[in-house]
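In the two assemblies presented below, subunit A is common to both, partnered first by subunit B and then by subunit C.
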Partner chain A sequence: MVLPTLARPAPRVPRRRPAPGRPRGGAVLLPLLALAVAVALQEALTRTGVLPGSYFPPASQTAAALLVELGGATFWQTLGSTVSTWLLALLIAVPLGTAVGTVLGLVRPVEAFLRPVVEFLRPIPSVALIPLVVLTIGTSARSALFLAVFASFWQVLVPAIAGVRSAHPIALDTARSYSFTLWQRLRWVQLAAMLPHLATATRLATSTSLILVVTAEIIIGIPGLGHEITMSRSVGNAARMYAYIVVSGVAGIVVNAVVKRLERALFVSHGIGAQA
Partner chain B sequence: MLLITDLEKTYPGPNGGFTAVRGMSFAVQDGEMFTIVGPSGAGKTTLLRCIAGLSAPTAGTISIDGVPIDGPPREFAVVFQDYARSLMPWMSVARNVELPLVKHGSDARSRRRAVEQALAEVGLADAAHKKPFQLSGGMQQRVAIARAIAYRPKVLIMDEPFASVDAQTRADLEDLLLKVREETGTTIVFVTHDVDESVYLSDRVAIVTRSPSRIDRIVSIPLPHPRDQIVTKSLPEFAELRAQVFGRIREMVHDAALADA
Partner chain C sequence: MSVTRTTELRRLADGGRGRVALGVLGALVAVLAWSAVSGSSENIYFPSLLEILERTAAYWPTPEGVDNLTASLRTLGAGLGLAVLVGVAAGLLIGQVPVVAQTVSPALEFVRAIPATALVPFAMMLFGVGDEMKVFLIALGCVWPILLNTADGARGLDATLLDTARVFHVTGLRRALGVVVPAVLPRVLVGVRIAVPLSLILMVTSEMVGAQRGLGYVITQAQATFQLLTMWSGIVVLGVLGFLLTTAYSALERLLLRWCDPKRVSS
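Showing the complex of A and B:
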């Protein structure tokens, strides 16, 4: 049976901010212009001798060194080992932090019991663990992996605890009144409430784990971008050192953009954001 | 039969806490449309949460067909006022309606049929694949009602379900509820602060006092069925019943104001 359709008010516009439009010309051009100015300035300062060329090679030399590396046989292998350790660290830290955070968030006695341990371990700078890691794990890529996971785990754990507890009481009541099982409640109510928290945590963990992987490569001498940076420095090839620093930075920007994109796609398709 | 006996609910706090409900007793017959109405600040929502098994009473018992309720019963469904929070925003309308059915061991096809039926019932057959946030408030509440219908509850509990939609949508939803009730024979326990709504919908209206609430009186509503927003509300009996309920509530508010002064 069809309901009487008296003049029903027009459906309200969804209470969501409209998706940000494509960046206008200015939004792309201005940063590029700033970058060009900075590069040109650096070039000029080093060419004129204001900055010592042995520490700060002109941008053009760095670019040339980068081109040489890009054509070399080992570059992609080097980049690959850094990026693969980094991604693996994220693949371990994010699910692990989410799972442990879910348990700690839901079972308060366990959280109260473990809180001192967490509060003790969390502020330890991961780099302080490098000697320990070298002694126990050695100087392989697994050491970098451990340090990156250790550092980013906390960054996921804490938001995960907050996130699982942020489920709205009415959503939880709904789950209870329809007798959802624990698994159904976790999946349909609490995991969804966690998503915005987890997205931020993942982005934080992305930068943190890159920092840790590169640091471990520099200090421990694990093959990767960090190792190439420190190697170039020790043989006095400043241009090559900067080339690898640039590569690390670009890698960071690319992965951050990818994570952000995935996050947006997820949120748009899930209609989250109105709630956040 | 839903039986509430000597119900008391006290929230812990300083000075013995806050007693929202005390000495509340009443019975709701099978298939009855029973509305609880009272001044704001009466423990209406508390009472409903206890009946739904979402909140444990401090004292007294609630039973359905002689079986005491000590948690959300399988055969109850609740429709909340806050539809936006109650629906899962990242799931389609159809999926939202389907969720509570998933555990019942029913196969996907019979679930899908139940969802289609329930959505057709509330006039949302075309919105099955939309997300809740793409719908108006009234339509979202229809989804919540469809979810409850598809669940086929023995008792449907509604906590001011139409309080946050506009007047026209509200009238539509009231008629939808009457139609659903006509077709399914579900027992409905309904809380509202709107006197017109309570009289229009109900077989009996329970007026509750301010907290600690108890039943002040229960008014039978012998208005003929099917009810109609215009015809029913134009009946002299409607005006009389409305005046009776409204007058009693105003009296209580007035007395309370005097007592407070």
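Showing the complex of A and C:
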């Protein structure tokens, strides 16, 4: 594959030098130890009543609450509805943002024409639309989906525009002298240049859309992790609340890892070293 | 004919003044289209733009409106300020002391993965529904992008820079303020740029669930009492606020980074 490499920026000098003073072998042990100490300290402080147990239940109670939930039937349904809305939002927002961004990036007059509108709509915090969405779409999971798509669409759109334009001029000239069709140019020159931008955008969109889905669940009361967190608080079950907050964190880590894995697979197949 | 016209248009869009002209035209067309579509709208959920603007002008300059707006801005400023202070301090520490970084980074990865709004109930339990809750929540949500970017920047400090500081015996506070902070500044600003929109989301969310004042409160309250015009005016004000904040922040960023080598800022 010769052409895609033309779109690659000049190789960068590796920045990170091996840190001389870094303690070796502590990569696993040290964090584990720190975690154990933190948990033990929290347990001790709440057991002895230094921290109010009703606000900060001992870690063991939170763990027990989590185990009870894991055994329950509703837990997986709750998790499933949050994660499926989240993934669906990404599946809609990323391709849509990429497609619109590509068009705007290629057709400069249209982009200049629409830029102020984009710049106005983009910073509107999409949670402000919640009341409107409740009135028009209702209180189903589709409301959460709409909010998450609205929020992450802009985060993909703007980098996509920049990405299309970041194609190397020589690569574009080469494509022209080989009389590439528009599709060939997009596929082999511009997409390759866009990928690093899209990767960052996707990662941002991933966390934004989770925030929006959980917010919608908390405020609108759509079934899901966010709803369980507020419900636990309002019935005064702090341990269950922390258990669900932990679950939302774990879900965040897992989906981030999946997105990162996909990103790397995509980069490898396009011959660009995955840059974090 | 049409070929020359498109090339002309293309050249126009590339130039500075042409871009502005096209942009103004675009904004005008968008506003006109909105008011034309909504002007004859029978749908009560989408009132006409003119009425929304009238309500905006009628409600927000009143003492009550100003009070709500300043309450929102105060919590936003306090929360974001706290996040910057804590984020930069902790980030510098984590980035420069490898033992600390190794010890806390898995825990950080986990806390960062928790969607910030999932902590709304947690913050409400701790602080009730006062201003402290909102400031705490905004600070808690916004501190991570700032902290992680600062730590990354501090870790990747130019070795030549540090060696030069050592040769010239620049140590202690002078080293921290004169060498480290300016070198890390571009990364700190990137973190804050991510945090600004996030802070708006958290502000509105916290006001929607637990407050008697603020923009989010006005919007939900208007929805609950079916005052759709007031609700729309709140959305418009939030849009303008978001636009002004991001614009002001970009200007600040340019000002602070004027001395900086543009190549290093982007990397």
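Here is the rule we go by: the second predicted complex is superposed on the first by the 243 of 276 C-alpha atoms of A that agree within 3 Å, B and C clash if a C-alpha of one lies under 4 Å from a C-alpha of the other, contacts with A are read in each partner's own complex, and residues count from 1 in each chain.
Rule of thumb we're sticking to: contacts are C-beta pairs under 8 Å (C-beta built on N, C-alpha and C of every residue); 3 or more make two chains touch, one makes a residue touch a chain.
What you see is a predicted model; the values in this text were computed from it and never measured.
> So in the superposed three-chain picture, is A:T46 touching just subunit B, just subunit C, both, or none of them (first/second/both/neither)?
After superposing on A, A:T46 lies clear of both subunit B and subunit C.
> Please indicate which partner A:S81 is in contact with in the superposed arrangement: first for subunit B, second for subunit C, both, or neither.
neither
> Is A:E119 touching anything from subunit B or subunit C once the two structures are fitted on A? First, second, both or neither.
In the superposition, A:E119 touches subunit C alone.
> After superposition on the shared chain, which partner residues are touched by A:A192: those of subunit B (first), subunit C (second), both, or neither?
first
> Tell me which partner A:T202 touches in the superposition: subunit B (first), subunit C (second), both or neither.
Neither partner.
> Looking at the overlay, does A:A238 come into contact with subunit B only (first), subunit C only (second), both, or neither?
second
> After superposition on the shared chain, which partner residues are touched by A:R176: those of subunit B (first), subunit C (second), both, or neither?
first
> Counting touched residues of subunit A, say whether subunit B or subunit C comes out ahead.
C
> Answer with first, second, both or neither: which of subunit B and subunit C does A:T62 touch in the superposed model?
Touch partners of A:T62: none, neither subunit B nor subunit C.
> Just which bits of subunit A does subunit B share with subunit C as contact spots?
Subunit A residues touching both partners: 12, 15-16.
> Across the complex, what residues on subunit A touch subunit B?
1-4, 6-12, 14-16, 168-171, 173-174, 176-181, 184, 188-189, 192, 269-272, 274-275
> Under the stated contact criterion, what part of subunit C meets subunit A in this complex?
Touch list, subunit C to subunit A: 9-10, 12-14, 18-19, 22-27, 29-30, 45, 98-99, 102-107, 109-111, 113-122, 124-126, 156, 159, 194, 197-198, 200-201, 203-205, 208-209, 215-216, 219-220, 222-223, 228, 231-232, 234-235, 238-239, 242-243, 245-246, 267.
> So in the complex, the part of subunit B that touches subunit A is made up of which residues?
49, 52-54, 72, 74, 76-78, 80, 82, 85-86, 88-91, 99-100, 102-103, 121-123, 131-139, 151, 157, 166, 168-169, 172, 175-176, 179
> Can you list the residues on subunit A that touch subunit C in the complex?
Going by the criterion above, the answer is residues 12, 15-17, 19, 21-23, 26-27, 30-31, 33-35, 38, 55, 108-109, 111-117, 119-132, 134-136, 204, 207, 210-215, 218-219, 225-226, 229-230, 232-233, 238, 241-242, 244-245, 248-250, 252-253, 256.
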